[in-house]
Amino acid sequence: MIAEQTLTEHYIRVRAHSEAICLGLETEDYVVQPIADVSPPKWHLGHTTWFWETFVLVPNAPNYRIFHEDFSYVFNSYYETIGKRVLRTDRGNLSRPTVAGVYAYRAYVDEHMSHFLNTSDLSPDLYALIQLGLNHEQQHQELLITDIKYILGHNPLFPAIDMPLTNPSGHKRLNAREERTITIPEGIYSIGHQNSGPDAGSFYFDNELARHKVYLNKTTITNGLTTNGEYLAFMEAGGYQNFRYWLSDGWAWVKNNGVQAPLYWHKIDGEWWNYSFAGLAPVDLNEPVCHVSQYEADAYARWTGQRLPTEFEWEAAAAQLSWGARWEWTNSAYLPYPGFTTAEGAVGEYNGKFMSGQIVLRGASVATPEGHSRSTYRNFFQPDKRWQFTGIRLIVE
Amino acid sequence: MIAEQTLTEHYIRVRAHSEAICLGLETEDYVVQPIADVSPPKWHLGHTTWFWETFVLVPNAPNYRIFHEDFSYVFNSYYETIGKRVLRTDRGNLSRPTVAGVYAYRAYVDEHMSHFLNTSDLSPDLYALIQLGLNHEQQHQELLITDIKYILGHNPLFPAIDMPLTNPSGHKRLNAREERTITIPEGIYSIGHQNSGPDAGSFYFDNELARHKVYLNKTTITNGLTTNGEYLAFMEAGGYQNFRYWLSDGWAWVKNNGVQAPLYWHKIDGEWWNYSFAGLAPVDLNEPVCHVSQYEADAYARWTGQRLPTEFEWEAAAAQLSWGARWEWTNSAYLPYPGFTTAEGAVGEYNGKFMSGQIVLRGASVATPEGHSRSTYRNFFQPDKRWQFTGIRLIVE
Amino acid sequence: MIAEQTLTEHYIRVRAHSEAICLGLETEDYVVQPIADVSPPKWHLGHTTWFWETFVLVPNAPNYRIFHEDFSYVFNSYYETIGKRVLRTDRGNLSRPTVAGVYAYRAYVDEHMSHFLNTSDLSPDLYALIQLGLNHEQQHQELLITDIKYILGHNPLFPAIDMPLTNPSGHKRLNAREERTITIPEGIYSIGHQNSGPDAGSFYFDNELARHKVYLNKTTITNGLTTNGEYLAFMEAGGYQNFRYWLSDGWAWVKNNGVQAPLYWHKIDGEWWNYSFAGLAPVDLNEPVCHVSQYEADAYARWTGQRLPTEFEWEAAAAQLSWGARWEWTNSAYLPYPGFTTAEGAVGEYNGKFMSGQIVLRGASVATPEGHSRSTYRNFFQPDKRWQFTGIRLIVE
Amino acid sequence: MIAEQTLTEHYIRVRAHSEAICLGLETEDYVVQPIADVSPPKWHLGHTTWFWETFVLVPNAPNYRIFHEDFSYVFNSYYETIGKRVLRTDRGNLSRPTVAGVYAYRAYVDEHMSHFLNTSDLSPDLYALIQLGLNHEQQHQELLITDIKYILGHNPLFPAIDMPLTNPSGHKRLNAREERTITIPEGIYSIGHQNSGPDAGSFYFDNELARHKVYLNKTTITNGLTTNGEYLAFMEAGGYQNFRYWLSDGWAWVKNNGVQAPLYWHKIDGEWWNYSFAGLAPVDLNEPVCHVSQYEADAYARWTGQRLPTEFEWEAAAAQLSWGARWEWTNSAYLPYPGFTTAEGAVGEYNGKFMSGQIVLRGASVATPEGHSRSTYRNFFQPDKRWQFTGIRLIVE
């Protein structure tokens, strides 16, 4: 009985955080989609709601009536199992349902979900599905923050808004005197979620399994993240003009897109500024660099004569590292662990189908909601993406 | 003194109509841009306001202070003379300025314009510029209507809204018994705006000059527009499947875009429906066909064994025609009349630079504001465009 | 009897000229297609042969056996009536049939055609079809020359070859003292092919009909073409950098393609050179400018304060003009004359279907074969094309 | 002294094989480039020659004069260190230098190389560079074969030619009774080139280093490759129609390209045929499937309930496997081994810069020249590529 009440409360708290992220928005900010990667905030709010309605309420809640029959078409995303989906790039063309309509949808589903959670004996499968739904909503909370930043940061008015980030200060790198590196010895390490012992029963995504053994050489990793000041030195040394530092795909990306600095940086009257939720301000040289692609991270590492860690090196060292300010690019492709299996049904489409062409990021960022990070978490994006709060940690050799 | 008062009133009435068109919109409807041709409604409202501020108030109104220095960047359109413009396809990515901000901009400029008009002795040039501004705003009123229709008509919820159209009923074609054709004899006709006599002093665009002589053969033109029922017969006869009816560019357009019917038509359970501001409804076979490209109009004409009129034939017959329900595709390219000259300065960019690759449409439509149509008016679009209220009139030979 | 013999001889002479154009080519030069507009020379040689085989021999020559059943697929062009065609951009990917194979195809068809022409009583329709085929082959002779020039002129080795041009010298503009302008008075002019009187029975394309009356204002036209030197003055005055001189589409074309000079011009160590069949050489300032788009022709005319002629003005003045060095851009869209009708069948696709989006050029060029020019000839290309031998003549006002 | 003589002979033998591959070609076949991935055969012949001239003769052979100064521009490929390169997609637009010119270039360079090799004391670095050049030429020999196949296999005449493949028969899969699987036990395996012991001094690419330890679970791998018959069963079970079998990127690739079968397969009158150098013939159900992308290999594996091997599993089992008929797709991204370092200078660009977005293939194919395969060889392509002789081996779990 206690457990179910706690679950309801947890559900309500997670759902409320999605809305808290949007408190500073104008109605218009909810609607636009400046690039295909960035979804309109109202879509995130609707899509996460559609998840609860479609996967929990419709199959399990007796007499539940769906809120609006066209919403499934509008708010579906990549779950190809469930009907025809709206083309992803079209999301920003839909003025209806309105923002008010989406909030009404949320309220309706939340009311039914609360009732359902309070009155049902959940099977283990259903309990697991609800945990998945909560983590799914938390993933979209981070996307909400990054997408809102993109929308406002590409507006010529550069609006400032309040945004509830996680420990947004305190992530500056320790100064040079205190800087440490961490060395892990050569040997066999166990990687992936530990499904027994103290972590048994805690949440994990399917891609964190199976826990398996990896042989690593002796590795030394920096405890601090690369700062804006360090990255600026790379820029001023001609880093974006010299193909030698770049992967072939990365160099093509730089040339085709005219890239000259991290995302959100602007050179104004000879000085570098960048956009944050506080508005445009001069670049803080002591902050960890943010919004770089893996191509940029890799080029920076080569310029320093170092390299990016693999995801295995990162996880092996994680317990000794300060992490959480930036998603840290690894040089590991996002591929299945030995023994990885896919769940049945629509939910099983979740992770495995993306195991091609993407790079693993480890850690967490100031946009990651509390309770949604762990050292075995495998985030993943294509190497050219940089609208997430991405940063750089180096292996020193 | 009377004249200036009347001008202020006219200004206020025109400006109010732009806002009346938007009365049925939700805030979200003002923001999106589903295709490059369709601008967000708030952009139209801002751009027309920017015209008054930039061309009238800033150079002429003493002590006028611009409303917001970034608005010129946001609301400029094709006037390359005036600073860097926002790329046209990016208009739908801008959530700010908000809709409320745009209305505040309108109110601010309207107040200053009213004061200016009430207190100034207008030079002939300035008077002409204000007339141009009023006609410019009226052009955007028609675009507002067509763009709103596109936004709502491509939304899966197909919303219905109130929209003040011009004589939206009453444009059905006369029935067969009453149908007439009009024949004009071979000879020399004068084409273009008559800058003297009864029309002297009335407004015209530069592209309606110079009035010049054209030699026409004897021509017979239908008084009625092609109806949905007649067009459906073309469709059912395989019109979209047979290249013989199509111009080469038109056939490529059909194939590349999978075109099978006029815009806004949907085949649902074997029946054709179309979207209007009243929502989805079965196609009314007696209404003039609407939202066809010139390629479709031309193909339909060939299928019937007839052809489209030239703009000269149309104008020569205009006094005897019933027109005003649809913009009527001609088979005339949009080119300068003999003696056409371009005005100096930014306003001079208005029409001449578009005299390449476009087709003249004559008449007016249910979306054309009152007082903005005349028989010498030359509207123009590329031959593949069909989000305007375009229709078909035939020459019978 | 005489007539048929003469026709055979004429056939042989026209066919031989196609091959004479290619005498200087290496086998490799016959194969490539650097842009979609430029067909491989072997394709032209095969396509013109396919015309004779398909339209003359197969339906008319008893017991004729086609040379190779797949050649129809390979060498068809835009005649959609006749089976599936090879996508135009794929022509340059086909190494087979070989060049030797194409010449064998030509020899085989020529032998059968000679026999057929020598032994048949030709109906008037068939006689007309053969005239059409000869003119069709002559059109491809000009394309052969322009396409070969494009292929060699875009090769980093800039090869020089012998090429039989028509009066390639002697087309320099008269010097200033002798320069004349020609003025035609206001009035009614008859335009188009005269199907009776002295021209009755001479060849014409369907688009030169119907002869019709046009009312023209008094017009003064230059007798000389714009020279390289005059065009260079436009370039040095910033012509390519100032949007004011350009049509909107033209300015977009300049920007998107980084256009800075006519085709084949190269700035080498501060001097302008251009490529001709004699190889790279310094630009001759006295030659008529060549390889300009209509956008460039129009911009140049605006910069001088003049304008391009309409095709009607050109034809009305033609008898008094020196023409033939360059195809001269008009400012007339390629549209049907009053009374234009399309022939039945595949041959009827010839001209009418292209009457959209193209501009009329008048005159002829150094690449036009002898006997293929007349003052009523309507050549047509999109306004951005400039790989033909195109030039500029002005109306002085 | 013996060693140098042997090296000259080896050089001559390798160089001769490149030309032997092209013996069956017509001149025209050397010229075309139907897609960006496929280079014209004459380009391969020129580019490999340019390698010797640029990296060996110019810096080392006294008094060597380059054959033609523009050839460096034409035949450079991805070595950005060495001047401006021809855009890769433009290679098929160059009719000059001619095929005869390229063979003259080869003869000239071969003569100077032979003389140089016969008369020089080679430093260890230069000896290594020559080994690299020979292996580079062998890589292009395989590309010559695959590119020629693409050119002829996409020609509507489907020409048959003689082509010297490596053991082109004998690669059929053993029949079911004899079929074996190989199991390797859990444990630590050493992966990569062994730079000491018996393999010391043998050639390797930089990407095969450093030899390092990998921990593998117990794995069972099939000895036979997937046959055409087995793959056809996947096709007939709707494999290309069901997104569940596909990676997300793979499904998009299937949809965007309308993929329905391996490359070179054609359904003719209800039967599957495929193109080989012998021409079009019915698919041989017992041959190993060929010309599949990694997306297809992965989807097939999922459909069977199995998976692709990692490159580490493959290498650990290699000594017990029959391999060499097809390049075998792994599910390993092409990434640096621990301790990988890049050589200095242009040659150092060779492999490392491509370590992004590509997949490792192991083994060799019927197009791989003799002496160019070993169990540590890491071939790599993007997962959508399938014009190489690629096939499928499964891990059974």
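Here the chain labels run A, B, C and D in written order, and each chain numbers its own residues starting at 1.
Here is the rule we use: a residue touches a chain if its C-beta (ideal position, glycine included) is under 8 Å from a C-beta of that chain, and two chains touch if they have at least 3 such contacts.
As the structure is a computational prediction, the values presented were derived from the model and not from experiment.
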Length of the shortest touching-chain route, chain B through to chain D: 2
CA centroid of chain C to CA centroid of chain D, Å: 46
Rounded Å distance between chain A and chain D, as computed from the means of their C-alpha atoms: 37
Interface hub residues of chain D, defined as touching at least two other chains: none
Pairwise touch network: line, ring, star, complete, or other: ring
Contacting chain pairs - touch in the sense defined above: A-B, A-D, B-C, C-D
Chain D residues within the chain C interface of the complex: 26-34, 42, 70, 73-74, 86, 90, 92-99, 151-152, 154-157, 159
Contact set on chain D toward chain A in their complex: 78, 80, 188, 212-217, 243, 246-251, 295, 298, 307, 331-333, 335-336, 338-339, 353-357, 383
